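Here's the structure we're looking at; comments come further down.
For clarity, chains are labelled A, B, C and D in written order, and residue numbers in each chain start from 1.
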Amino acid sequence: MIIVMRPGAATDDIERVVSRVQRAGLSTHLSQGEDRTVIGVIGHDPYGIKDAFTHDPAVEDVIRITKPYKLSGREFRRQDTVVTLPGGLRIGGGEVVLMAGPCSVEDEAMLLETAAAVRDAGAHVLRGGAFKPRSSPYAFQGLGRSGLRILARARALTGLPVVTEVMTPGEVEAVSDAADIVQIGARSMQNFDLLREVGRQPKPVVIKRGLSSTIEEWLLSAEYVLSQGNYNVMLCERGIRTFETATRNTLDITAVPLLDELSHLPVVVDPSHGTGRWSLVAATARAAIAAGADALMIEVHPRPDEALSDGPQSLTLPNFASLVPTLDAVAHAVGRALAPSPTRTTGAAAAR
Amino acid sequence: MIIVMRPGAATDDIERVVSRVQRAGLSTHLSQGEDRTVIGVIGHDPYGIKDAFTHDPAVEDVIRITKPYKLSGREFRRQDTVVTLPGGLRIGGGEVVLMAGPCSVEDEAMLLETAAAVRDAGAHVLRGGAFKPRSSPYAFQGLGRSGLRILARARALTGLPVVTEVMTPGEVEAVSDAADIVQIGARSMQNFDLLREVGRQPKPVVIKRGLSSTIEEWLLSAEYVLSQGNYNVMLCERGIRTFETATRNTLDITAVPLLDELSHLPVVVDPSHGTGRWSLVAATARAAIAAGADALMIEVHPRPDEALSDGPQSLTLPNFASLVPTLDAVAHAVGRALAPSPTRTTGAAAAR
Amino acid sequence: MIIVMRPGAATDDIERVVSRVQRAGLSTHLSQGEDRTVIGVIGHDPYGIKDAFTHDPAVEDVIRITKPYKLSGREFRRQDTVVTLPGGLRIGGGEVVLMAGPCSVEDEAMLLETAAAVRDAGAHVLRGGAFKPRSSPYAFQGLGRSGLRILARARALTGLPVVTEVMTPGEVEAVSDAADIVQIGARSMQNFDLLREVGRQPKPVVIKRGLSSTIEEWLLSAEYVLSQGNYNVMLCERGIRTFETATRNTLDITAVPLLDELSHLPVVVDPSHGTGRWSLVAATARAAIAAGADALMIEVHPRPDEALSDGPQSLTLPNFASLVPTLDAVAHAVGRALAPSPTRTTGAAAAR
Amino acid sequence: MIIVMRPGAATDDIERVVSRVQRAGLSTHLSQGEDRTVIGVIGHDPYGIKDAFTHDPAVEDVIRITKPYKLSGREFRRQDTVVTLPGGLRIGGGEVVLMAGPCSVEDEAMLLETAAAVRDAGAHVLRGGAFKPRSSPYAFQGLGRSGLRILARARALTGLPVVTEVMTPGEVEAVSDAADIVQIGARSMQNFDLLREVGRQPKPVVIKRGLSSTIEEWLLSAEYVLSQGNYNVMLCERGIRTFETATRNTLDITAVPLLDELSHLPVVVDPSHGTGRWSLVAATARAAIAAGADALMIEVHPRPDEALSDGPQSLTLPNFASLVPTLDAVAHAVGRALAPSPTRTTGAAAAR
């Protein structure tokens, strides 16, 4: 940490700041510039006193020089984290994983229809929401626990592992029991009690980026989970809120290579929420793989025009089926490949 | 709701859309423009099928023409909601109310010192966080339930009603028991389970605006509380996230008169979070009253340089004491006044 | 400037950086922290080499510790700049100045009608655009030079000094001849050729903040004008672009006290563009004065429903007339007053 | 255009609005909903009276239902615009074009060195700024007209067509003479006089997106050029300004497929400005091609650490050379290819 004194700060001023730093058990190092004195603060955790000088009229600025996150950073762990799911599917290990399914679990028939179709098209994980965060109290709020049972059914029938969202600490146990990956939604990214709670359960966690969360805040939210002992954390870019209203959100594609520099955690991209319009999903899904994403999460619905949520951004089953080979082509172009499809590995459509 | 057909949409296309609308139990009204046919959808709740046309190639756009919130809107209730606290303090009834206190309850001594000082300076409500949402897991997280006990103590000693935040549904009962106003923090504004839960408890609720929440989303969050039967809801503007980094947030002062047009709920302004810098609080607090705010929420700390959170934006006790008369002057300039001070009503501080 | 080395940077790495700094004629000062070495760069203008280390793998970050603007900053000039107009009107000297008039000069009759009315209501300066920046080429683009002639006419008849926008270097001379204050519009805030050109003409300049300009960029734009020798520069906050669509822009009220800390230049607030809705102008105009604005710029039109531009945010003549006394009341509440009205100083309504 | 009356609007209110519409030579069509009357406005250019009802207390909202741009939209022209440069290079015709070079022309030697290297690596167009818009008046402002001469020299020697920025109407002729493509920079996107002026010269124009410009405003800026008769216009996405500070801008990758839906104009992506960090350029360049970009514009400098501008986001010559084949691979994965390299077509670099 660096404390920048105002030009003309007197010796007394500098001594007052230095002595405040020393009282906190830290040491200082002075550097006299042309106009200003700069005080380096040395020692373990200098940030405990970061805010101690904002009322001091002789202090101009206090500048942090290290990252506030630790466990989620590359400095803590050089090599990539690889999350392994039941059945051996690996996320973050080089091959690209496709998560697909409806926004909400609406009923058993539609979920099973979708699950079978996305598996046959090449998806590796089934997504579907049982608990749905909706802006309006008058909108469909999800089936809740009965939705979890339907997801379990779909997993049993298709062999696809399941990712689903948990919204509140009281449901973490139930969701953790039902899911293979527990999702923290964008609106919950800074629900810190929830983060701690999913940090204490054993299933991998995917954390969607908050609508207006910086990369740094996102990594700090991951830090909440990691610091509870759960190291199987993935980060899902799903678009941020900007001034642009032509799309639902602005997909921050640069987050993909940037996270790869800053963190060892796998990166997922959700082009459905990232754009909000189904006709823009294919192009941005391909872009995400070209940018280096470890996985995609895509909303697919057998009849988007009748979806209870997110119909406008859902692909139809044929849309999704025709998208997958193009994703594979782009993956190959960047020296990767889609992960082996569960369908294909078990021998075509034998399981059907 | 209006469905805009693409130029050149055929009769078949229009019939398909009309029949889809009718299947939902709604009726239509066609209007033929120069280039486009526009289909008005008539009936109760036309938005159930708002998303039913996004995959129809002949439909260009679907436009909502009514607000999605009801109970929180002026159309539902013309006259202003007035929230009355124990002791008869009224928020939203014309007089301006001051809520002040530390960001966090750090210990009993500092809270009692602050509470007495802000009361003597003219504050009407004591603020203080027992449960603290912090971006980093390594930052001070609040005293939790023991913080609630300290707040209760401060209330007993000073007579000031207390506002404090609740972060998770499991703590709503405890916070509701301890507080006179239950606060939903900015990061929880779309924690829908929590909103429902505070909607079911009896104490007034203040909902802080989310960092990137539109006015409409904010009113929908209020709607979650109102729709559970709790009508004593206040809205607190505390700055939104923008590209500007010179301040912690951008205080959206226009939200004050705009909410007064759109909603009957009282409006609170928090210039501490709104600016993030104590030296900017006084000017923006005065601006908030000039703009018509019903109440202010201001962070005050006896020793901001030692605060465990939000020191940079906290006023000292003398800062706050010298601010209050200027707030009263501005209130008078716009035809209002500060609410009677609990101190002054008991005559205690009459001589000062 | 501070260069932060990565943890584990070798002696060679540090020497390479130090020698690069020295090659630029600057000196260094090393500070060894727990994990990182920090190199202070000392000398005149260290920023010439700010970007010289971004490709160096041993350098983590380069941090600027001084402001990039000089002439517009408080460090350069402690006391407030006061801009004096013909007739002795002073902006920035304590009294609050009102600039009012239509968005565009539409024709002579409407401008004269408006000018007389705003003067009688208490305005001190007449605003009106002859050159209009419009998003669409199909919208009214202003009367150009004939608009300037009409403004000159209005000044002659009412005695009000005139502020009007210049959009392009080739028109600076004509606008400077016609106007008492030359306005740089929000869309031109980073039109650097234009800034330089208005820096070379003698009339005071008001620079509107760009839609997505930081405070720092804005002060740098002022610096372009100041560095050409024109020191009579004012800054006009007119709202920034954010995610919120309920208002045309988000008025950054905190910019007012912040600019007062950072700069000596007078601050104007434009609540018309800041909100985009006439019904929100009065409350935000009062807020601006409470926050410390030196002047307001308000759009007024005799028949807003027939305005060729900005009708939605224009006050009617009676709206404006009834607003002025409330502005005076707020000004008094913060220890200021409206500047003397030209009408009143020449003897009440004698001229009418 | 649709006029939405408030609930409870009286017959008189509706008649007043209808008669106002008719006075403008337009006709109306009434539609009576459950709560509100909606008035469709029919006729050519209904937007002339769009703002005529904002002061009418019985009118709730006025909603535009058509796009404000015409010539730049898909409705005006179904098939893609293809811009052809001297030598036959086509942009927008399917093959992907690479524009590369330094941010600024710093001197002849460095430009010629860069030009030869990027040509040999496979670039098709040389970029380089002679006129540089810089936030600070103290930063390098470009070589101006002598920079144009150096660009002409580089073109003569390498055969690469040249793209360079023009900042002000007075320099349009000189830039147009020197350049093969005239660039409108992000800060000039709404410099309407400049847009008109480049619309009147014969060279193709590339318009960079403004830092906070919506897609719609961007297309309207293109409309300014098109409406002057110059139809060879390209749009360059270069990142928008958001709350995220980890990158210089936020590259809006979704703009690529969205523009393809809305407009017939070719789309260029600039990952250098879009990210601001050279280490993020390769991944986002590949993403841009995967998303469907017609061309890329990439900053390349032989010694980025000594660049006078934009060093942090410039690739070195070897960085660029190793990037090109990966771009070609991604182009093939999406059914395209890089345009034939001028070098390769002449067989010159065949051995390399």
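Rule of thumb we're sticking to: a contact is a pair of C-beta atoms (placed from the backbone, for glycine too) under 8 Å apart; a residue touches a chain by one contact, two chains touch by 3 or more.
Bear in mind that the values here come from a model prediction, so they are computed numbers and not experimental data.
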Can you check whether chain B and chain C touch via the same residue numbers (shared by over half) or via different ones?
same
Determine which of the two chain pairs, A-D or A-C, is joined by the larger number of C-beta pairs in contact.
A-D
Chain centres from averaged Cα atoms put chain C and chain D apart, in whole Å, by 28
Chain centre separation (chain A, chain D; CA means) in Å:
31
Rounded to a whole Å, what is the gap between the Cα centroids of chain A and chain C?
40
Multi-chain contact residues (two or more partners), chain B:
212, 241-243, 245, 277
Residues of chain D that touch chain A when the two form their complex:
212, 214-216, 240, 242-247, 250-254, 256-258, 261, 274-275, 277, 279-280, 282-284, 286-292, 326, 329-330, 332-334
Complex contact set, residues of chain B against chain A:
20, 51-56, 68-69, 133-138, 141, 167-170, 187-188, 190-194, 196, 211-212, 217, 220-221, 223-224, 227, 241, 277-278, 304-307, 310-312, 316
Would you pull the chain A residues touching chain C in the complex into a rising list?
2, 4, 7, 29, 31-36, 38, 40, 42-44, 60-61, 63, 65-66, 75, 212, 241-243, 245
